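What follows is a set of structures for review.
The two complexes that follow have subunit A in common; it is paired with subunit B in the first and with subunit C in the second.
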Partner chain A sequence: MDAAAEHLAQLVELLRTDSEQLIHRWVELTAPSLRGRLTEAELHSDSRELFDALQQALATTGNVNDSHFAEVKGLLEDLSRARARQGFSPSETAISVFTLKQAVSELVGQQDDQNLYRQVLTFSTLLDVLGLRTFEAYARTREGIIKEQSEQLLELTTPVVKLWDGVLAVPLVGTLDSIRTQIVMEKLLQALVDTGSEHAIIDITGVLAVDTQVAQHLLKTVMAARLMGAECTISGIRPQIAQTIVALGIEFGDITTKASLSDALRHALRRSGVDVVATARSGR
Partner chain B sequence: MTELGTESARLEIIGDDDVVRVRQLARSYAQQVKLSLVDQTKLVTATSELARNTLTYGGGGAAEIGIVRDDHRTGVRASFQDSGPGIPDLDLAMTDGWTSGNGLGLGLSGARRLVDDFELDTEVGRGTTVTVVKWSR
Partner chain C sequence: MDRVPILRIGDVLLVSIQVDLQDQGVLDLQEDLAEQLSSISARGVVIDISAVEIVDSFIGRMFATIASVSQLFDADTVVVGMRPAVAITLVELGLTLGNVRTALNLEKGLEILRGTRGRTGLEWAQPPPEVTR
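So, the complex of A and B:
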């Protein structure tokens, strides 16, 4: 057995004999940063599982890239993923690994052994590598969540609603890029066919800025609806948007535009021959 | 043109998402210097046009946006740089309705009308830099 392996064995022995004390101290050090969102018992069982796997791997090799560390890495990735979903920050996630360094060095600091100390340094480096892995796993999970959400948003933010018999409305919110416009256009045209509607209102109250690209997308949507025999109104043009459109020099031509959705609805109803009349009711 | 101070940021423009980021940045600076709602919208729309030009015609580049001050007013300056093909005929490019792509042909000329100061520096084969300022009143 060479010197390095001997030291490693010494460390493993230390981890084994003082495991209860180490895990206890480790949990104690980690708990403050996770307070309230994870119970001590949960943290304790997570830590013990990780500790046991780490101890087993170390008993065979000190090389973190060895296949014996696969279980440790798997556990860490599961842990990071869970923490990312629970809303912990990356530092809060990685600290669960780094605090073990402190727990171990505290323990070794009590003993006066040069060789053991050197081994603890190697162990620290190993934990650094593992800590970085939690970062990576964490980032991957978060990216996944963001992607999921933006896909959901894309679907959510483009509803086609029926306002009246033969009158559809699409309230647009946020940023209109090519992909979203494409979805809006498809949904609207399909809804026109499905409901047999002759009027569509595109409401842009929630669109922050109308630049030439957005305008072009809107114009194309209106044109497509017209080709299908439907009349399109654009509503929700706020004062600042109106002034910007004029300054840009965009022409909406003969497309009907209205300041508010209710104006657009009234216009659509009038065009389809419906009159909205206030009636005096008895008892009022 | 007035130099940018410390309150400025630089953004790479390499995708559609970056155009949105440029717009958000311009809006936050516009709110900081208390531009009116109309002027905010005008500035944001102008930066949107110019950022998209940088992306579509310049093949990507960078935007630098920040707060500028002179003796008696503050404003927001936005500068867009690309090292694309440049603009061979500037007068034509500034004409309403003319486009070398498939847009409306109003982006560049429209952006000039939306801001207070407009400076365009271009050289064929070297790239284009457009700098605009919107002053608060």
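So, the complex of A and C:
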């Protein structure tokens, strides 16, 4: 037991003797913020676990940075993570720590003891630090979720599809930025190797805007495909985008561009020596 | 240092680069290839770089040099099996392969040289067009 803990001895004793009452009051204060996302029983067991860990840590030291507080912090971080995933707001998450302050001060307020009152102040500073930790853990979890989602979005929006033997297509949808174009480039080139396809069609019907940078990326993709021995066609340029491209002075050079995906497919088939012939069939 | 082997298949020379080449290795290869070309009067050269993972500008230039040398002996050059990462690197370096043809794999490269297909493979000489604002 260090000096700070000695100093808190009276409070620790109080926490121990009145633990049931405190936890009950704590849960009572926190419950309104749950709004049905967590049952009171769950909250009760969470709170008890946290309270026990906190009490044990306090019995040894009053220093939050001490290793004895590791368990408390671990529990708090788990709790914040769970709350963040359940869709709690940051304040709803942090309130579950700060309400303990209120519960303790209510308890102490009944006794008129200067010394105990000072200890409660120390305790509440300590709780503030722990409360901030929940904020941090909450924010980290949210950032994690956002990152996961943007990765999933990248995965979703860049499929490489096979249109014909030796003809691949990438239908691009949405906004093109450097990272996405890079991923498209790598996926397309890898798919060319994997399938041994000699034609690739990049369809940009779903792309809303093309600036010089995006155009540069597209050109680089086509060049890289050529280096590997495949031919790349760009199709589905919207009228407005065509105007922009011309206005910006972007030169597509000798890269084949077609109005629609079907034109591009026809072009690719012709280049690979496939003829599509409509046969007149009776009974249709 | 080991030299890159040059194999002969009919009237085609096959250069299969299996290691990451150093500058000296590149020079040795160019020398050996020129000698072979002049002695057997090959019709084509296939450079298989499917095992090459790292390229620099020097190696990038090697393809163009080899193609130009081969041209003097009336042989076509096809670079086959370039990895996506290598292709991206070369484009980022702004390198062109001169009048080198490319193919996805060895089989397609040989087909191009034999002219068994109706077309002559991909010929490309233009650098990526510069985008001007």
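In the analysis below, the second predicted complex is superposed on the first by the 218 of 284 C-alpha atoms of A that agree within 3 Å, B and C clash if a C-alpha of one lies under 4 Å from a C-alpha of the other, contacts with A are read in each partner's own complex, and residues count from 1 in each chain.
Basically, a residue touches a chain if its C-beta (ideal position, glycine included) is under 8 Å from a C-beta of that chain, and two chains touch if they have at least 3 such contacts.
None of the values given here were measured: they were computed from a predicted structure.
Asker: A:216 in the overlay: touching subunit B, subunit C, both, or neither? Say first, second, both or neither.
Answerer: Both partners, subunit B and subunit C.
Asker: Does the superposition put A:241 against subunit B (first), subunit C (second), both, or neither?
Answerer: In the superposition, A:241 touches subunit B alone.
Asker: In the superposed arrangement, does A:75 touch subunit B (first), subunit C (second), both or neither?
Answerer: A:75 sits against neither subunit B nor subunit C.
Asker: Could you let me know whether more residues of subunit A are touched by subunit B or by subunit C?
Answerer: Higher number of touched subunit A residues: C.
Asker: I'd like to know which partner A:186 touches here: subunit B for first, subunit C for second, both or neither.
Answerer: The second partner, subunit C, only.
Asker: Of the two partner chains, subunit B (first) and subunit C (second), which one does A:43 touch, if any: first, second, both, or neither?
Answerer: A:43 contacts neither subunit B nor subunit C.
Asker: Between subunit B (first) and subunit C (second), which, if any, makes contact with A:116: first, second, both or neither?
Answerer: Neither partner.
Asker: Between subunit B (first) and subunit C (second), which, if any, makes contact with A:227: first, second, both or neither?
Answerer: Only subunit C is touched by A:227; subunit B is not.
Asker: Which partner chains sit in contact with A:249 here, subunit B, subunit C, both or neither? Use first/second/both/neither.
Answerer: In the superposition, A:249 touches subunit B and subunit C alike.
Asker: In the superposed arrangement, what residues of subunit A touch both subunit B and subunit C?
Answerer: In the superposed arrangement, which is not itself an observed complex, subunit A uses residues 212, 215-216, 248-250 for both subunit B and subunit C.
Asker: Under the definition above, what is the set of subunit C residues touching subunit A in their complex?
Answerer: Where subunit C meets subunit A, its residues are 79-80, 82-88, 90-92, 97, 101-105, 108-109, 117-119, 121-122, 124, 126, 128-133.
Asker: What residues on subunit A touch subunit B, complex-wise?
Answerer: These residues of subunit A touch subunit B: 175, 177-178, 208-213, 215-216, 239-241, 243-244, 247-250.
Asker: Enumerate the contact residues on subunit A facing subunit C in the complex.
Answerer: 185-186, 189-190, 192-193, 196-198, 212, 215-216, 219-220, 223-231, 248-254, 271, 273
Asker: Using the touch definition up top, name the residues of subunit B that touch subunit A in the complex.
Answerer: So the residues of subunit B touching subunit A come out as 16, 20, 23, 27, 37-38, 40-42, 44-45, 48-49, 52, 96, 103-104, 106-107, 109-111, 113-114.
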